[in-house]
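Dropping the structures in below, format is structure tokens.
Below are two complexes that have subunit A in common, paired first with subunit B and then with subunit C.
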Partner chain A sequence: MGVSCVYSYPVPEGRSGAQVVDLLQKQVEMLGGIKAGTFLVDCETYQSVMLNTPKTLHILHNSEHPASCFAILDSGATLVADTLFNGLMSNLKNYYQARKGAKIESKGQRFQLSDFILKVGSVSLAGSMKGILVEVEYCPSAIAADCWNLMKELLQSLIGGVAESPPRSLKPKMEEVYTPATTMLQYLNHFNNFRTAAAMSQPAR
Partner chain B sequence: MEVYYQVLTTMAAPSVNVCVEAAIENPIQEIRYDGQEIHVTPLSMSENLSKLAHKINFFKDESEEKGKPTSEGERETDEEKVLAPFQPSLWPWDSVRNKLKSALTEISVLYDVLNIVKEKHYMVTDPVSQEAPELKAPLQMIAKKKSLVIVCQILNTGSDRLKRVQAEMGSNTPDNFLWELLQLRKHWRLKKVHNTILGELSYKSAGSRFWQGGTFEVLKTSDLTADGEATNKKASLDVSIPSELEGVAYIQVEVKSVPDLMDLTSATLKMPASLGAVSPDAYWQQKLETAHNVLFCKELFAQLAREAVQVKGSTPHMVVGNQILTNVFPGIQLSIVLCHYTGKEKKVNLSPPKLDHNHVLEHSLHQLLRKVHSNNLNTSPPHPANAMLGMTKRRRLAGPEAYSRQDLLQMAHSESMLEQILKQTKHAVLRLRSMHVIDQLASSLQDPLLCAHWSCLNNSLESSVRVSITSYCYETNRTPLILIIGIDTIRVVVKEGRTCVLSFEENELRDFLQWQICQHHAQSVQSLAKLHGWQVLSGIVSSGHGDIEPYGTTSTVMLASPKGNIILAFHSSPVSGSRLSVKKVNTTKESNISPAVTASKWASLAGEFKEVNLSRLEGRNLVGKVDMLMARLTVMS
Partner chain C sequence: MEGPALAPSLKNIAPQQEYLLQGSILDAHTDALLHRLRGLCDNAESSFETFNDYEAVYMLRNSSTTQQSQYVLFRVRHALDIPDAPDHIRYLGQAEMGDRTRPTLVRACLDVACSSNVREFLTEMGFRMDHDYVAKGIFFHKGRMKVLVYKIYRLIQPGSTDPKNLEQLGNSHLVELSVVAPLGQEQIGEDMKTFSEQLKPLVMLEKFDHRRLQ
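Take a look at the complex of A and B:
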């Protein structure tokens, strides 16, 4: 299992998201990356009913781990399960109801650059594009602290100053053995940011 | 009683007390801790008397008295009566009293009896009447006859029962059919459809998914036999096998070397020489088993043929009729033939030596198909009600462990039966070849001795052998090699622990072994230096001297004698053989030595080497020859 870092690339004013994605892809290809299919990371949110303090549960899927399903609570507790977990959620619809219009996903191209796997994905919430997420995974390493410098170099050549420091959710886990659940946690943080940004922009109407 | 005497002497010295004691009359019962002795209290007078009275044996006196006349007995009883009331209250006399009482009773009875016998006033003695005379003979005979008749009846009923049981066992009655049917049901699954009994021959219950199923019918032979036929050995039950499963079948596996590379086109449809056909009179179990085997072989061949056509392997497979041909190695071909002899073909006379059937691989094929069957049936636990069945533990853990796509793809890859049998064949061929090469070298070479120890622990895909190279009489210096024979490569572990991988070519192994032998020679010569006290100037395993060899490297050793004036150079290479050269240095001509030369050996660096004719040296092997030479040179220098 490799170490991956997820960053949100800000779309500069005056440019459309698709253009920026195209740009990033070209840059990756210039670095030497070879196209190796597509990827999809999606997130569904469930809200608990019949409780005073409503609890939120996020279910994430990653095409990189097709047999697994990730469930993350507000508190940060993560569960990695088989895909049959989705069926379990449908059984629990009396207790956990899906929040409508809250399905968010990151879809895009997947590139392979010898030991690295780079993913440039456009984030869409309810059909509209909200941002760009870039994920870089270094496969041979298992501990983030060991390979952070190497990854920083690659990231900075790709997305510049955004990758000054490790992602927020990765910082406390630099010395631990890296698990895929941490990747999903990073994705979730970004998704939540996008959601709040979308919610903030809406009341302006 | 202790008496002290004071011995008074005239001397003024203190007198010594002498103690004189009488012998102890009473035995000591107990000695207390303070030294006090407790004697057994002596018996008092009355006690003593009772003790003595106990010693009197009254019964003995009784028997003596019975013969005497009664008057004396009267007197005796009176005396005894007098004795008795003397001490009635004393406990020790109680038994004596009782004894005397009983004696009195006996005597009085005797007296009474005697009186009766003598006087005959109120009772007389009368003799007892004799028994009646014996029964007459006829009566006796009648009694005996009656008892014998009862015995006969019991035996007859027993024998009748046994006869009946035996008749049932041997007879051809409807009961026998049922008994045979019971036996049949123990081995095969039967079901009744309308009026007929049908049985199942297929492997479906064992996990097979073959389209062809075998249904056999159970018949009663009693309906079919004509009158007057001998029905001694026939069973009352017969089975009828479906026509496509008739006959005998087996899978013939052959590994043969074919001179041309792509000889797949010259496959000929093979029919075996006469196999044992199943006679129609055979027992139903035998018939069913042969049909079962036919079905199994058909399924096996169908599976292999399907895989041969569908699976895209590195080498092309060819399926011709009932034969599958694949190339195992260049020049080696594997042929799998389904031989099905139904008894209707003409006998083709094939000479037996041509059929080189490999039993091990046939057995492996059977095992592989059985494994496929059992995998179909036995899914690994747990068996949940509403989830996918048949997932292995690794696959089930793939979700929670978040396996990547690559990992899942690797897990999903499974080998087909044909691939597996190909691997086994490759390994078998490679192993035989390596064995052949090593044995050839070992038998042809005398100089270093090759010894191969094959490991007992091996499986169908891997074996290992340990080869050691030694020189006769110099066994302490041994070069070991470990060859691990895989599917199509051989991994070699050399003495120092380095490993190299050889391909399946025979020559490569042979060259490698030759190379190792040369290294062994060089090593041995180097070790001889220690024995003789020579100094090793250089010992190079892969030196760059000399011409380039087609394979292998040259090993060189240079030795200097103890005095330093003889230098020995040994070259050993697999292609050009071993060469030995000697350089002698004259130490006398050192006239103009400059002060920079610190030792005489530096002055004699130059010089010509003379080659030694190794074949004419004395010695059993190379090491021995060099040993002898070095000894000689040491003496001469």
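Take a look at the complex of A and C:
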């Protein structure tokens, strides 16, 4: 486990998401990446009911940490727990209810490129594709500041200018020991952006 | 690496039930009970396994006035003697007493290990701390049966688990015999009854209806 950066890769007009994913995968293989299974990151969102101050709770899972569950509140507070935490949520259904049609996930191919793990995921919200997320993990390091330049070099050869600066949720933690919770925060940020974009593009009724 | 296929299967673990019998013994006679348990349980040759846990019970209430009586409790435990161990949330369902033929109390039970920021996290979710205590005692196991002999301590000043700040409650030790098993294994209740017979007359283990105590 090392440091991860997650970026959203824009789909240019006139191209389908699947085509771009294909292209990215070919590029990773050109760099020397070897296919190493698939991955899935999913996120379910719960809304508080009957509480004085409304709260939103996101429950995320990552196939990279199959026995864990990440619960993240709007404030960014993150609890890492066993996957059984889902069972606790079902006991809270009078207080926190799952938002309908808000389940969002990123899944796709996972590649190994010596010390790096690269993931090209297509993001789908309620069954329709919304975009592409590229994750690059540098395994030997645990401090983002130490390996950012190295990662940037690889990222730029793959996705170009999108990776100009470190991801927003990683920036304040560059000098700290990296934890998987930060990866999940990055995914959540992107997921929230995709959801907002999807809500905006829907015609007003 | 198993990939995504693993995650969904782990999310749906069969619901677990706790089968429970409880009793108490005066402090002066605890040693006799400990010796008997040592003989009856596994690992008789090794020394006693002790535990020293801080438990805080968190409550989530409906803020609408009509449903004030509704609430959910999460019990958060932390081992004071192993500070690096993860914290632990336990949810216990409504206790089912059943009729006379059922030997033990049965309740839904869910144990979830979690990171140590759980107290702040639950507070932020809207939970409030209801009460807390320290449980100190000895732990035995026989097969999948678990026997606890422990004492409950009150915190004199809230928030500090320093030994000087603890006050024992009562002059006896609590004794609990429990098994956590998947739904529908009634046989285990019989096994527990048989085991509890062997502890008589030192301690009488019974199923207690906690609702009647309030």
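Going forward, the second predicted complex is superposed on the first by the 201 of 205 C-alpha atoms of A that agree within 3 Å, B and C clash if a C-alpha of one lies under 4 Å from a C-alpha of the other, contacts with A are read in each partner's own complex, and residues count from 1 in each chain.
Everything that follows uses one rule, which is that a residue touches a chain if its C-beta (ideal position, glycine included) is under 8 Å from a C-beta of that chain, and two chains touch if they have at least 3 such contacts.
Just so you know, these numbers come straight off a predicted model, no measurement behind them.
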item	value
Of subunit B and subunit C, the chain that contacts the larger number of subunit A residues	C
Touched partner set for A:82, first subunit B, second subunit C, both or neither	both
First, second, both or neither for A:17, with subunit B first and subunit C second	neither
Subunit B versus subunit C as contact partner of A:51, first or second or both or neither	second
Partner chain(s) touched by A:67 [first = subunit B, second = subunit C, both, neither]	both
On subunit A, positions contacted by subunit B and by subunit C	63, 66-67, 80-85
In the complex with subunit C, residue positions of subunit A that touch it	36-40, 42, 48, 50-53, 55, 57, 61, 63, 66-67, 71, 73, 75, 77-88, 91-92, 94-96, 107, 110
Footprint of subunit A on subunit C - complex, ascending	1-4, 6-7, 10-11, 13, 15, 60, 62-64, 67, 70, 72, 74, 89, 91, 93, 110-115, 117-118, 120-121, 124-126
Complex contact set, residues of subunit B against subunit A	387, 395-396, 398-405, 408
List of subunit A residues in touch with subunit B within their complex	1, 63-70, 80-85, 179-181
